[in-house]
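Look at the two complexes coming up: subunit A is in both, with subunit B in one and subunit C in the other.
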Partner chain A sequence: MDKLSREEVLHVAHLARISLTDEEIEKYRRDLKVLMDDIDKIKEVKDFDSEMMYTPINDNTRLREDVVGEMLSAKDVGVNAPKKNGSFIEVPVMINE
Partner chain B sequence: MSKYLDLDIRKIHELLVEKKITPLDLVDEALERIEDAKELNAFITINDKVREEASTLGEVDPNNLFFGIPIAIKDNIVTKGLRTTCASHILDNFIPIYDATVVEKIKDKKMLIIGKTNMDEFAMGSTSETSYFGAPLNPLDKTKVTGGSSGGSAAAVAGKLVPLALGSDTGGSIRNPSNYTGIVGLKPTYGRVSRYGLVAYGSSLDQIGPMTRTVYENASLLNILVGEDEKDLTSVNKTKEDFTRLIGEDIKGLRIALPKYFISDIVTKEVKDRVMEVVSYLKEQGALIDIIDMSYLDTAVTIYQVITMAEASSNLARFDGVRYGYRTEDANSVDIMYAKTRSEGFGNEVKKRIMIGSYILSGENAKTYYDKALMIRDDITKEFNRVFKDYDLIIGPVATRVAPLLDTFNDDPHKAFMDDVLVIPVNMAGLPAMSIPIGTNSKGLPIGLHIIGKAFDEAMIYKLASNIEEVF
Partner chain C sequence: MSSYVPTIGIEVHVEIKSNSKLFSSSANTYGMATNTAVNVIDLGYPGTLPTVNKEIIRQGIRTAHILNCDITRKMHFDRKNYFYPDNPKNYQITQNRTPIGRNGYVEIEVDGVRKKIEIEELHIEEDTCKSAHRGNVSLLDFNRAGVPLIEIVTKPCIKNGKEAMAYLTKLKEILFYANISDCKMEEGSMRCEPNISISKDDNFGTKVEVKNVSSIHNVGLAIDYEINRQEEMLNNKETIKEETRRFDEKKGKTILMRVKETGNDYRYFIEPDIPYLELTDEFINDSLKSLPLLPDELREKYSKLGLSSLQIEKLINNRSLNDYFLGLLEFKTNYVMAVNLLLSDISSYLNKHNKVITDTNLSYEKLVSIIDNLESGDLSNKNVKDLIDSLMETDKSLDELKKEFKIENITDDSFIKDIITKVIENNSESVNDYKSGHDRALKYLMGQVMKEAKGSVNPKKASDMLREALNK
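Showing the complex of A and B:
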């Protein structure tokens, strides 16, 4: 059976921001190929309309009025953060001197 | 054990009004049943405040049909203060800080949320086996799947643990498990029910809907779920209507289409035979049923895969370990933190779908796959509209066969999608559709009828369903 190359798997994993173990790479070489063959069937559909349907809703341009509404407190918003420092959410260092 | 929960909710309501029972009696009965049926694995989280909430209703006079009735909520619908996991490790400690709009509506009616039901991880699957918490079991045969992705909600209703549940349906996720467990499940028209607080999978397809034991209970529950919502601009403003109003009406002269594809060789004989029995019965009742040709139905699975995987890859980008959910312990840069968090937090099915989805949306691929899928989607929708010029409803089987054994699909990345081949086209067009039980096969496994309505014509579906419910 056809498989993707390691590089192809690592490319899509990078696009999705997912790191993979060697074992997973091997597994996905086959599994992702099956799904890619599935979606490639779309290329066989010849006779189709040219209008794109983003949503079943006819009027999809409706906007809310620009007024201040109910808001969540900073304290509530931070409550699920995995790592906090006071009222800040902590992440690893982004800029190295 | 008391048996109040087996009664029709109109009867339960009567008993509550007459003060013969209290909401706490109902909650205690539900909790006892859930405990006794623990092996079904229908629930991920039980609401540990529900007895307290029920107690506060003890002295209040019931003001509506749903007052004091226990309900189960699918675990991808957020509930303030009550853990909501989407059956994923990445959210297994997540406590929402607000209620979904449907949850607000349920609380307004003083219904009691008993707990959050098991499901496929992020609703990705058709058997509920991709759950981080293990698969729920089919109450009618514990060696079989419940279907998915709303499998826990289906198990909770079919297993008589609660009378009502909410599910969500992106490509059959309400109808498929309703079919496999023999309950009534409706996917409303896209835009009918607010999606605010439903954790997005395929946002242009997702819709919340009721899963119940009877058609009347289903329509009554839909009555309270619907309505335009400022917090979901894809929700639609419609005149208020009573979805129970056509229940029990004569179906003489009703025009029904049965597409050939729905009774083609992809469907097993036992399912097809049962559906044709219903067709004969409906004809006897004076319904006009034609077997018709419909184009594009066989392309729907491919279109569905492209659209949902693309939308999912975008929607699930928010799970990055920064603001909520699981974060890897082991990362010394932000990039590594993202990738490791997502790798450790997501299960296999989710990873596959967002990797393919990211690929679909990258560079020129977006034109080749996503844009083209949206064009064919438009064709499918036009094809439904064409049929609905001449017919009131479309019917067919819900699935090609009865509930399969657990662990059947584990190693086949493709087959899970094919399970929903008959229900997916409906989501493309945003139409309302129901699974209603029409009996069982020789081994007692349920078979359902799929009833598809015109956009915003749920009342017509309930009319036909109520007629079928009386006989089958």
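Showing the complex of A and C:
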């Protein structure tokens, strides 16, 4: 059975910012290949890239009026966050200079 | 002289003025308490769907129009995929394939030479949340998540820091006057990212992007620094890497931030949650209706009114005074005198009290009557200075204030005559100058008369009488 290369899997893992064990890499070499083959099959559909594939209706310009609606409290904004710092949501530092 | 040719393009992000955000109805404001202008769409919660704000599309149309772009009639949004905590959906909604505007230009003038800075495209996208870095953590404020942005991308047609500064200054002025954005670089509502490469031939060199530049002036410095740095590297046979650098103001240098990920890694695809948008002629024309006069149009208009180029630039640099002056044009008066007043005594008052003109009681009628009185000589410049606080702060008319302050310029002939005689006696040299054809001497003598009278005589009358006495 065809598999992705180790490098390809590591590249995808890097984009998702996750680390994988050797075992997981082997698993995804197979699993991701299956997914990609399925996607390639879909791409074979005629006019895959045409507008019809994205929207089946004409005259679909639907715009929202510029009015401010309901908003969450700072408390609710952080309710699902793993860590908070005052009203801020705290995450591991994101810059590497 | 260097044998390398620099090639510079600039990406500018501006935050667009609107009530609500681009894809959600949260408030689009600056300065609210942390994480209070947020809803579930801005947080990328599962099951939420974006809806496009009509006003932002209108602002996009206006921007495309004023930057001389072709407006895209049929467009869609795209997902730019990347994993980063400042965007919890893990993609930013942007316009990759169908930007709202293409092929525009901004005309600049550098050292007397005009040049068109070509705009490749401009597109609408959402901002990310704001992050502050503290040691080994980053703190996120989602008020900015989903704030509408327009990104304006030039072609690589800029040659040096000076051209870049001229372009950005002009762009900022246009966007500010058109009410697209308040363009405050210090608050981040205008962000400029130049990319710079140098080459000896027609092939472009490797480009380096500079981020986090806090002022237009610093963009110029960063570009010129980067051109020199790259020249030195190539002269030393070093290879320039495609990378992102930031500008350190204190050191006046660019510093490496990170090596850039390639474009393919963003895996753009059409945003399936937002249908195609089709802009009709009616919608486009309707959006353009509200555009005010833009700086170059104002320059032309003011120059026809006889204002000097210095006055024009000062007026355009002060938006509130400019808007006030535009309203004055509905009245018939001496506009040059009006601008003189606006830029002198009135501006001093406003600066001193930290006010804008709309905060004062200076109605157009009052201003027109001040100008009439100045022209007829019933009011001197000194009188205006004395009255300025009351003119700006009370709703009393000029006539009422003149009575209250007992301003009645002396028109008594004998009083003026005595002063003139005294001035002529004491300034024989200037009198001779005048008699031998030096008109300037008259101005000096008139100044002496007003000084002697402590500004209390009708200047027109005194000037007529002085001339008469001198011509005797």
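Just so we're on the same page, the second predicted complex is superposed on the first by the 73 of 97 C-alpha atoms of A that agree within 3 Å, B and C clash if a C-alpha of one lies under 4 Å from a C-alpha of the other, contacts with A are read in each partner's own complex, and residues count from 1 in each chain.
Everything that follows uses one rule, which is that a contact is a pair of C-beta atoms (placed from the backbone, for glycine too) under 8 Å apart; a residue touches a chain by one contact, two chains touch by 3 or more.
Just so it is clear, the structure is predicted and the values come from calculations on it, not from any experiment.
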Checklist entry - Between subunit B (first) and subunit C (second), which, if any, makes contact with A:50: first, second, both or neither? => result first
Checklist entry - Which partner does A:85 contact after superposing on A: first (subunit B), second (subunit C), both, neither? => result second
Next on the checklist: Tell me the contact category for A:67 with respect to subunit B and subunit C: first, second, both or neither.
Outcome noted: second
Item to check | subunit A residues touched by each partner, larger count belonging to subunit B or subunit C | outcome: B
Checklist entry - So, does A:13 touch the first partner subunit B, the second partner subunit C, both, or neither? => result first
Next on the checklist: I'd like to know which partner A:23 touches here: subunit B for first, subunit C for second, both or neither.
Outcome noted: neither
Checklist entry - Which partner does A:2 reach: the first (subunit B), the second (subunit C), both, or neither? => result neither
Next on the checklist: Just checking: does A:77 make contact with subunit B only, subunit C only, both, or neither of them? Give me first, second, both or neither.
Outcome noted: both
Next on the checklist: From the superposed pair, tell me which subunit A residues show up as contacts to subunit B and also as contacts to subunit C.
Outcome noted: 15-17, 51, 54-55, 57, 60, 62-64, 72, 77, 89, 91-94
Next on the checklist: Which stretch or stretches of subunit A touch subunit C in the complex?
Outcome noted: 15-17, 51, 54-55, 57, 59-74, 77-78, 85-97
Checklist entry - For subunit C, which residues are in contact with subunit A within the complex? => result 18-20, 24-27, 33-40, 43, 51-57, 76, 81-86, 131-133, 135-142, 255-258, 265, 267, 270, 272, 275-279
Next on the checklist: Which stretch or stretches of subunit B touch subunit A in the complex?
Outcome noted: 93-95, 97-98, 189-191, 204, 230, 233-234, 236, 299, 301-303, 305-306, 309, 313, 317, 320-327, 331-340, 342-343, 346, 351-360, 362, 368-369, 371-379, 381-382, 413-414, 417, 429-431, 455
Checklist entry - Can you name the residues of subunit A that touch subunit B in the complex? => result 11-13, 15-20, 28, 31-32, 34-36, 38-39, 41-43, 45, 48-57, 60, 62-64, 72, 76-77, 79-83, 89, 91-94
